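Supplied in structure tokens, the structure appears directly below.
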Amino acid sequence: MSRRWIYVALTAALATAASIWAVPRLDEPGWFAYVGQGGAGDGPPLPSLSPDLFLYPVSAQVVLLAVGVGLLVQIYSTAYLGHHPRYRSYALIIILFLVGMIAVVGTTNLWVLLVGWEVMGLCSYLLIGHEWQTAEARAGAAKAFLVTRVADLGLLLAILVIGETYGTYDIVGAQIASSQDGVASSTAIGLLVLVAVVGKSAQFPLQTWLPDAMPGPTPITALIHAATMVAAGVYLAARLFPFYADSTVVLTAMAVVAGITMLMGALFALVQTDLKRALAWSTVSQLAFMFAAIAAGDPEAGTDHLISHGVFKALLFLGCGCLMHAVGSSALAAMGGLRRSMPATFWTMSIGFAALAGVIPTVGFFTKDSVLHAIEQSAGEDGGLATGTTYVLLGVALVTSFVTAAYATRLWLRAFFGPVPDGRQEHHGHEAPRAMIGPLVVLAVATFALSIGQPFHLGIGVVGTVIAAGGIAVVVWSWRGGSTLEWTTRPLTAELGLDRPFTSWAPAFARGVSRTVVDLDRDGVDVYPRAGAGVAGLTSRALELVQTRNVQRYATVIAVGVLVLVVAAVIWT
Amino acid sequence: MNIPIDWSLVAPAVIVMVGALVALLVDAFYPRRTWLGSGLPSTGALVVAGVLAHVHRDDIGRLSFALVAIILVGSLFVVVASNIMNFETAMPPGEFHFLLMSAAAGAVLMVVARDLVTLVISLELLSLPSIALVGLRQGDKVAIRSAWTFFLASVVSTAITLMGISLLYGVTGSLDYVEIREALASPEVPQSVVAVAVVLTLVGLLFKLGAVPFHVWIPDTYVGTSVMVAGFLSAVSKAAALGALLILVNVAFPYAYGTWQPLLAVVAAVTMTIGNIGALRQSDAIGLLAWSSIAQAGFLIAPSVALLTTEGLTAPVQYLAVYALANLVAFAALSVVLRLRGSTRIDELKGMVRTDPWMGIPLVFAALTLAGFPPAVIGLVTKYVVIRPVVDSDHVWLAVVMGVNVMLGLAYYLRLVVTLCDQPDGEPYVSPSPPVSVRIAKTTVLLGTAGLIALSAWPDLLLRHLP
Amino acid sequence: MPLLYPLVLASALFGIGLYGVLARRNAVMMLLGVELMLNAVNLNLVAFDAWFADVVHSGQVLTLFTITLAAAEIGLGLAIILALFRALRTVDVDEVGR
Amino acid sequence: MIVTALAVPFVIGLLLMVGRARVSGPVAAAIGAAAMTVSLLLYALVWEGRDVVSGEVDTSWIEPLGARLHLGVTAVSWPFLLMTAFIGVLCCLWLVARDTAPALVGLVLVISASSLGVFSSLDLLLFFVFFELALIPMWFVIAWFGTGDGTRRAATRFLLFTVAGSALVLVGIVVIGLDGGLQVDETVTGSLAAAVLVCLGFAVKTPIVPLHTWLPDAHSTAPTVGSVLLAAVFLKLGTYGLILFAPLMDRFADVAPYLAIAGVVGIVWSGFACYGQDDLKRLVAYSSIGHMGFVVLAISTRSDVGLAAAVFGSVAHGLITGLLFFTAGSLKDRFGTASMAAIGRGLYGRTPWLAVTFVLAAVASLGLPGLAGFWGELLSLRAAYEIGDVLTKPVAWTALALALVGVALTTAYFVRAIRLVAQGEPVEQDADRDLDRREAVVLGALVVAVLVLGLWPAPILDLFEPFTVVAGVAR
């Protein structure tokens, strides 16, 4: 038992150090303002990994979010996973993961950022695959790693293009250069960044890895797939926003991606029969909200929602872990009626669901409000999105709000109310240990605490509230009406078959091509040396046939040879 | 008519010839026909001839002197190493040494010849004793058959060469190299006849070199005769033919380069390729070396495409020196193997480096030299040397063919080398305390290897001083 | 006499000789073929010599040498054939080659 | 100093081969490790800075050909030298086992020393002599000490392919030697033939698709140290050759596009080939082709970034592939085969440290940032992106795109391998045994090297930054 706390202590130390570093920065002025040293040279230097640590207020918030959730997850895990034989590697990888996150957020050096980015990807891979005995965990881990890594190539190229364009690999330096010499290559940079964040944040069309990553231990899901790693995509998009802010193409593409993803994710979440998977789709949908804000030209709203979402989604996932701990499954069918047996979990998670649905006064409401406001505001502005696009985006966002409220309510109802399922003994639904409840409470408090000082936009706020209330009401009404809320619309439960290219087409293609290549390598490419050897062997045999010891044949060879040479010589001459 | 004779040129050949006669006479009048009895005068004559040649080296010319030196050293090597045969009653020592020395005299004469009459005579002086040498072992059916093969192929090509010479005479009106060159310089000579004449004239020399398609006699002859005679044919006889070819073409045919340059290039390319491919399937070390010597002939001929430059003349001679030494070492070592083990099949050589390092390592080193592979640096350097003039005369394709043939050659040299280094099968062969003759042969092998190693360590030794 | 006649004759002789070498099975007959080839050469040389009216008569000198060489070759050849016959009891080249 | 650094392993290697009966395997290996350490230290100490030729030795050798005994360490060759000596030390340490044949240690020393000679040579003919010198010892290593069927065949294939390539290089050297002499720092040639021949020749050694078919057989049948030396050192002879010769040839520009395309086609090709492999050693062998493709792409740009990329990529590949082959060798030692099906799943549970090392090596090999494999790939991509002096934009960017596909494929096949071997329901086997001390030392050293170079690439990259004259390479 005590050995487990070593890792908690390590994490706490890391969190403390990061906090000491980050907290004073929260009050600095400016949002990624151009401060610090740097300058454009003739060409980009070779990459280096000098840490170049520097925090802006937003980065400081993200760092605090990451280490905070990380520490809570670490504490939570002592109870949740403490008896696992591989707890040690698990806890260490979490710490490594946090270091990677801090590197991404806390540096101005793009290479350090990339290293941290990929270290997070690797840790995510290892943690999803923590239960590597099971086929789902293996498949999910492989898929997550592959998809994100392919997308990361976009970031790699984006960094190269930034370096080429501005002559430095320092973000601040590049910003200074862009302010002096003007922004260039913005479309290229933006699209490449978009590829990277679409992969990392599981946006359409690369969304499918995130739900499949759910075989990972639930605390990890809370940490990686809610609070930090997927959020890093949003963070990066916001961080590099100045480099592509003037490219309508990029912003429109981002808006389209965000619009599709948010609605799709919410709809998928609505029909899930598995709580954890539903929360995963919810994450996808919420991330799309943040991208919508960025696409609308207000990355600050996006990052704000990132922080708030990080908190309440972590709360939800950890709560989900408590439920799983209690009933041994994450299927909604196994839950139900847990309100009484798990009161602490119930209340904290209720707060989480409220924040997800956007109920005042949770932080979820305020940040969602800011996002909607940002979208609304950007309509009609010069540059950025076209007005039509903006309104479509706004419409989609509102519809999504409605669906979000609906599925949040549905999940809440199905998990905590209703009849106890037949198979479950009542005593199984016991409350989780304190080490697990504690983090939930902290996060629940934070869900309210963070709303302090959040702006409120009257018009859109009222509209949003009404829509959310509508969503809640519809579900509650239908529940009252006796519905089991088992909505199994076929195309939606099948997730529109969007997964198929990743799970069957791509592997089948790779397998087919690789089989062909292996065969070709053996029977095709290798033909020329083998043919050469064969020809040499045959010629050798033919030469032996000539060596018959028959003098006359030799004389004939000589005579014919002379004749050939003479004829050739005469022709040449 | 007073014909002037340049004695300084002819002296080495005459001394060698005298040595041949003395060897024969000693053998005839000394009742116990021992190997040493006729061998010692031969050795002495070769040494004296060498000294004489060195004294007159300025008259002879650097190139010819280098060739004479190679021939004399090679003959000396063969004479000394041939002691290995002293136990063979079927091998009459007097005749052996007489024929060997006569052939050597012919070889020396060939490279100092400056007119076609001398060339023809010296060629025959080399050929006829060689043929007799091949068939000398009495009662040996294989040997006599080989001699017959060699004889017929030889006389046919001699006849063709003579035909070429007669045509050349008909075109130029002279048999003197320099006069031929001057006559060919005139644009009035019928070019096609000149082409035919040049080609036919070169046939005899290419035949002696073993170039394709005149190589057919080589495998049968080398395998059929005694090992050291094969060594003599592969080293000394080729040296003489190559020297004669270089000098003849360089002095007499410079204006007919349009004929011989493509001819030699193609012949070289085909020769090295056929030779290497032929060697691939040999199971007998002698047969392997026979085919390899065909391939090496290709490498010897190749740089002659640049014969009219200094480097085109010196490169083949430098290659020849190393090739001859390595080949003689290999043949001498194999003659020892044959004497001790009764077979030269490659399988028999398995593990020799471990069981008999003093014979195994020289064989390995010789094979690596022939392959042109480090640690036998000299083999590699001489390969470089012969490729240089080829490239310099814009025959890059030929250079590439040479490169590919280095690879082909390695395929079988490697087989020889790894068999030698391999784990021996069964009981290691323990030779009874070897007789003096074997020790002498072994000593020559080791001396030759020492020479190769010295050259590998310091290639300048060769490249600077020869020719 | 025009140069052509002896040259044609020489060519014919050379060809016949070559044919003899390549076609006859008897070793002695092959030797004769070689002789014919050499004599074709001799004819050539003498004809050219006469035609040039060569002062030093190098053609004729070479002819003399060739005749000698031919004799030597025949001597050696016959010796070998004799040895072959002793060893193999035949002078048929097909048999010898087997 | 260089001469000593070369002579020590050479002489000791020869002595070990001659006196193989008088010394036991572990002792021989220890002696060998000591010799290689001496060499490594000498090479480390000889360094005088990147603007000069360090420890230069220049004496006459073959005057008529203009060849000199010219040795020296340059900014380009230094990383190669240190990497080679380091790998040599580790190979010897690996052999500190009871069943080691002393002759194998001798061969390893001779091979390492010849490779060091290649990297130290500043004379083209000397370069070539060293280049060839290591081949026959390697034949013995593969054929005698290899495992499985057809070791001889694989060894001979390896040798003949390589010699065919090097023969072309020899002809190329002749052309260069005739045009500008044999000294690396002076010569330059305008001959197209030289460029074609040299590139073709080194393409076999590197290897570049479609001249690579010798490699999988040789790598997979060789003993562990043989595979390591082949992959870590021998392939570098090819890339180093290209690096060395590219600036000497004006007409390299005509060959470069083909080289670049062949290189990236190799990346993709090997990626797919790896995806279908069952044998771990073959997989690693094929993956080497892909990594060499990146290096070739970098070289073909003939730019400063490309140079840095090629050097870093080569060195990193040496370390990572060494690690992979050592790991695969450990598995083969245990299970008698490197077939993933035979090794079975769940190594995480059966032999945790071995599995972790393997995963780390695989992750490094797939170019994860923060590990050594990344920087070489990254700089190659950057070199292609910047196009360089000799390529055209369509070619360079096509190559870039294909290379990116290759990166994705690399991830895919390594993830597949991890899934098949490290993860999965463990089925215990009798041979399950975690790392012993010898293995831990060797693997640990390589892991540390891979981590250090990954997190601190500066030691190598600083050699090329800022881009100025890199001594010894005419530029």
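All chains are identified by letter, namely A, B, C and D, in their written order; residue positions are counted from 1 within each chain.
We adopt the following convention: a residue touches a chain if its C-beta (ideal position, glycine included) is under 8 Å from a C-beta of that chain, and two chains touch if they have at least 3 such contacts.
The structure presented is a predicted model; accordingly, all values stated were derived computationally and were not measured.
Student: Name the chain pair with more contacting C-beta pairs, choosing from A-D and A-C.
Tutor: Counting C-beta pairs in contact, A-D comes out ahead.
Student: Which chain is in the middle, if each chain's centre is the mean of its C-alpha atoms?
Tutor: Answer by centroid distance: D.
Student: Mind checking the centre-to-centre distance between chain A and chain D? Centres are C-alpha means, answer in whole Å.
Tutor: Each chain reduced to its C-alpha mean, chain A and chain D end up 36 Å apart.
Student: Using mean C-alpha positions as chain centres, tell me how far chain A is from chain C in Å, no decimals.
Tutor: 95
Student: So the centre of each chain is just the mean of its C-alpha atoms; given that, what is the distance between chain B and chain D in Å?
Tutor: That gives a centre separation of 43 Å.
Student: Express in whole angstrom the distance between the two chain centres, defined as the mean CA positions of chain B and chain C.
Tutor: About 27 Å separates the centre of chain B from that of chain C.
Student: For chain A, what residues touch not just one other chain but two or more?
Tutor: Touching at least two other chains: 549, 551, 553, 555, 559.
Student: Quick check on chain B: which residues sit in contact with 2+ other chains?
Tutor: In chain B, 145, 148, 152, 156, 160 touch at least two other chains.
Student: Mind pulling up the chain D residues that touch chain A in the complex?
Tutor: Checking each residue of chain D against chain A gives 157, 161, 209-210, 212-214, 269, 272-277, 305, 308, 346, 348-349, 363, 368-370, 374-375, 378-379, 381-382, 385-386, 404, 407-409, 411-412, 415-416, 419, 422-426, 455-458, 461, 464-466.
Student: For chain C, which residues count as touching chain B in their complex?
Tutor: Going through chain C, the ones touching chain B are 7, 10, 14, 17-18, 21, 27, 30, 34, 37-38, 40-41, 44-45, 47-49, 51-52, 54, 58-59, 61-62, 65-66, 69, 72-73, 76-77, 79-81, 83-84, 87-88, 96-97.
Student: Given the complex with chain A, which residues does chain B contribute to the contact?
Tutor: Interface residues on the chain B side: 145, 148-149, 152-153, 156-157, 160, 191-192, 194-196, 198-200, 203, 207, 212-214, 216-217, 219-220, 258-259, 262-263, 266-267, 274, 277-278, 280-281, 408.
Student: Report the residues of chain B in contact with chain C in the complex, numbered from low to high.
Tutor: 116-117, 120-121, 124, 128, 131-132, 135, 139, 141, 144-145, 147-148, 151-152, 155-156, 158-160, 162-163, 165-167, 169-170, 173-176
Student: Write out the stretch or stretches of chain A touching chain D in their complex.
Tutor: Going by the criterion above, the answer is residues 45-49, 111, 114-115, 117-119, 122, 129, 132-133, 137-138, 141-142, 145-146, 149-150, 153, 156-157, 160-161, 163-164, 510-511, 513-518, 521, 525-526, 528-529.
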